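The two complexes that follow have chain A in common; it is paired with chain B in the first and with chain C in the second.
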Partner chain A sequence: MTTESCGVKAVSFWSKHRTLILISSIVLFLPPLAAIIQLTGDTNFCGRWCPRMFFVWREGQTMSSFLMGFVRAYMGVALVAAILVTTLAFGRYWCSHLCPVAAPLELGSRLIPNKFKLNFSATPAPSFRYGYLLIYLIAPAIGIGSLCCNYCNFAAVPRLFAAPFSEGDLIYFLRFQGVVNFGLLLFLGIFAKGGRAYCNLLCPVGALDALSNKIGARFGRRVRIDHDACTNCGDCSVVCPTWAIDVTDLTTINQLSCMPCRQCQDVCQHGAIYYGKPAA
Partner chain B sequence: MKKLLVFIFAATLSVGAAWYRHGDSAHAMGMVSIKGGRALHPVHLPIGKERYTLVITGTVIPPYRGDTRVTVDGGEPVPFIVRGSDPIIDLALRHRPYFEDGTLTGLQPRDRFTIWVVMDPDEPMPAAKRVVTFTDTASNKPVLKIPVIFGGGGEGQHHDH
Partner chain C sequence: MASRRLSLVAGVMGVSAGLAPYLPTVICPGVACASCFACVGAGGAAASALVVGLISRKFGKPSSGGDEPATAIVEGGNTTT
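== the complex of A and B ==
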């Protein structure tokens, strides 16, 4: 637990510097600099860095072409593997601190007055998310169509940053799918309370990461509630950007939605929220 | 019960989103090679629109290297522009081809590239066929041809990257 005996809350490094880390991630992964992406000769997450498509089976695809997708997107494969493995042990730090696609949405939403924001917290996020993920996986396999590239946050956000400088990236938005993607980023991101509705509902990488989070919760470090200290005041649920905290009866954290942003921990006046392993 | 309904709603909405194609854009893939290249599939687009966007991603098959000019050919000329997707601030960490003045410059074996071709027909596009041609500037020979079919079935077809 991070509440010291003198009553002064000790704020962890990851909590204290989260905004700075998110901004650093934007600078390192997104245009105009995109330094990490340029290490492989790329300019965005499409191609080698694509984290969304390699695990999708398409109608008529052969096993060899499916496996070639892993080779083609080797950086995306490595990224997703690293995300899932680290999440098992430590929770969804990629989503909360490092994701350059989510960072601008959350930071952008902080600039919008609350009265203009949409509140999606009445939506049971895991139900929506896995309904979406199911079709994300099935639709291309049976030939209905695809949700992969057409509605891609990893394609749209980098191009949003590049569009003011590059006509090629601006063109992405000057078509129907581009307008739809732009609208999704606005309404589920910047104009959503907490800025994380896109992450929470429509990100397939986030959906897989949430499963890893849930599985690893049995042994890994997570944001948890000390029910002896909790007064069920609900302050934590108000600030939770992924509406993962339920205070209906006993305050609980849904590990299918929680990411360790630890905003709940920061606002808890009773030291009832901590980041750690499950109690023995 | 609410969770089940939301799950069904999300799945239904997603099916609709996966199925629906507005048809003003499509993705084409191809391989540039000294033997004329190969498009993985033709692009099908619906007729009647006044602007079409193609994103073309490609790979360079060894031993080809050189510069290729990108044009839209066949039938009545269609006004078009081609744009690349180059780094905004180039850190020059790795070799990569550049798009400049309608030409993919500095292609080397195994390079990958992305370009955007925007066609702005003066009038709504009738049923027709066009070809996006990649021509080697040194030999003036085509190194990749991607057929673009307007109308004739498969409208709005989109293939993922």
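== the complex of A and C ==
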């Protein structure tokens, strides 16, 4: 729980250095350096690092070819497995601090004046997200096509960073799919309040991670509310980038949307928000 | 928490977003491209409808909109805005 002494609120390491961590993630995962991706000789998240395609079953696919997808994208599989397991215990730190795809969107949105930003907080994100995920999983299974590479944030963002250095990546944004993806990154990312609308509405990895977050909330560490200290002032709800906080008669955090960015904890004047295990 | 109706609307919008990329295929007659741009128009209309729906304040949460009238409790127990 947040401690206060002499009017100075203690700020956690993860909250204090979140911006720096996000920038580091961009440097480590995205072009031109892409230091971590280069360990396997890759330049982007497509192929071996693809985290979105291996769990999608396609019509007519045999079990062996489905499993071969896991082998082909072994780094993506390892990444998603690590994300889901760590989320169970600690919450969605991948989404809030480490995701190199979300980082540029959130950091970019901070540079945009508020009056130009779209506020998507009216939308119940979990319903939208899992409606979309349903089609994401069903459409390839019944053979009407795949959404894996349409709307792919893990393809578009690295290509955006690589475009100044690579003709192929630049051409991607001159094609219809690239234009659509670029538009989504702009309207659901940089020009969205909090910069996280894409994460909250369309990212399938985020959707799986949110399920893990919800399941692990019973025993793991999460951002929680101390209802004895909470005054329902709603300050936390205003700063939440994933519009996860509902302030009605009782302020609640929806763990299907929450990620531990801790902005709510920082803004709470009453020390009513803490990161920890559920109260006994 | 969002109402059940609002959640249902959002769920349908999510499904629509998933189906949106198939819209050009559905409306296209399937012959060689005649550059009619019907696909672009349909895609643009669908995207616009989704964005407008997503940011619509009609179904918005009163707590996070920021510009809704605040409720205050005055002396005597009466509630005013």
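The rule we apply is simple: the second predicted complex is superposed on the first by the 277 of 280 C-alpha atoms of A that agree within 3 Å, B and C clash if a C-alpha of one lies under 4 Å from a C-alpha of the other, contacts with A are read in each partner's own complex, and residues count from 1 in each chain.
The definition used in the following text is that contacts are C-beta pairs under 8 Å (C-beta built on N, C-alpha and C of every residue); 3 or more make two chains touch, one makes a residue touch a chain.
For clarity, every value in this text was computed on a predicted model and none was experimentally measured.
K.L.:
Could you check whether chain B and chain C clash or fit when both are placed on chain A?
P.N.:
clash
K.L.:
Have a look at where A:L174 lands relative to chain B and chain C in the superposition and call it first, second, both or neither.
P.N.:
In the superposed model, A:L174 contacts chain B only, not chain C.
K.L.:
Given the touch rule stated above, what does A:S121 touch, chain B (first), chain C (second), both, or neither?
P.N.:
A:S121 sits against chain C, while chain B stays out of touch.
K.L.:
In the superposed model, does chain B or chain C contact more residues of chain A?
P.N.:
Result: the larger residue contact count on chain A belongs to B.
K.L.:
Once chain A of both complexes is superposed, is A:G234 in touch with chain B (first), chain C (second), both, or neither?
P.N.:
A:G234: touches chain C, not chain B.
K.L.:
Now for A:Y136: first (chain B), second (chain C), both, or neither, which partner does it touch?
P.N.:
A:Y136: touches chain B and chain C.
K.L.:
In the overlay, answer first, second, both or neither for which of chain B and chain C A:C50 touches.
P.N.:
First partner only, chain B.
K.L.:
Now for A:R58: first (chain B), second (chain C), both, or neither, which partner does it touch?
P.N.:
The answer is first: A:R58 touches chain B but not chain C.
K.L.:
Check whether A:G41 is in contact with chain B, with chain C, with both or with neither, and answer first, second, both or neither.
P.N.:
The first partner, chain B, only.
K.L.:
Examine A:A162 and indicate which partner it touches, taking first as chain B and second as chain C; both and neither are also allowed.
P.N.:
In the superposition, A:A162 touches chain B alone.
K.L.:
Please indicate which partner A:T19 is in contact with in the superposed arrangement: first for chain B, second for chain C, both, or neither.
P.N.:
A:T19 sits against neither chain B nor chain C.
K.L.:
Between 1-9, 73-81 or 127-135, which chain B stretch has C-alpha clashes with chain C?
P.N.:
1-9
K.L.:
From the superposed pair, tell me which chain A residues show up as contacts to chain B and also as contacts to chain C.
P.N.:
In chain A, residues 123-124, 126-132, 134-136, 139, 144-145, 147, 150-151, 201 are touched by chain B and also by chain C.
K.L.:
Give every residue of chain A touching chain C within the complex, in rising order.
P.N.:
Result: residues 118-136, 139, 144-145, 147, 150-151, 180, 183, 187, 197, 201-202, 234, 237-238, 240, 243, 245-248, 252, 254 of chain A touch chain C.
K.L.:
Quick check: in the complex, which residue numbers of chain A touch chain B?
P.N.:
Per the stated touch rule, the residues are 31-35, 38-44, 46-48, 50, 53, 56, 58, 123-124, 126-132, 134-136, 139-140, 144-151, 162, 165-169, 171-172, 174-178, 201.
K.L.:
Across the complex, what residues on chain B touch chain A?
P.N.:
Listed in rising order, the residues of chain B that touch chain A are 2-4, 6-11, 13-15, 17-25, 27, 51, 53, 55, 57, 83-91, 93-96, 99, 112, 114-116, 118, 158, 160-161.
K.L.:
Under the definition above, what is the set of chain C residues touching chain A in their complex?
P.N.:
Answer in residue numbers: 1-2, 6-19, 21-22, 25, 43, 47, 51, 53-61, 63-66.
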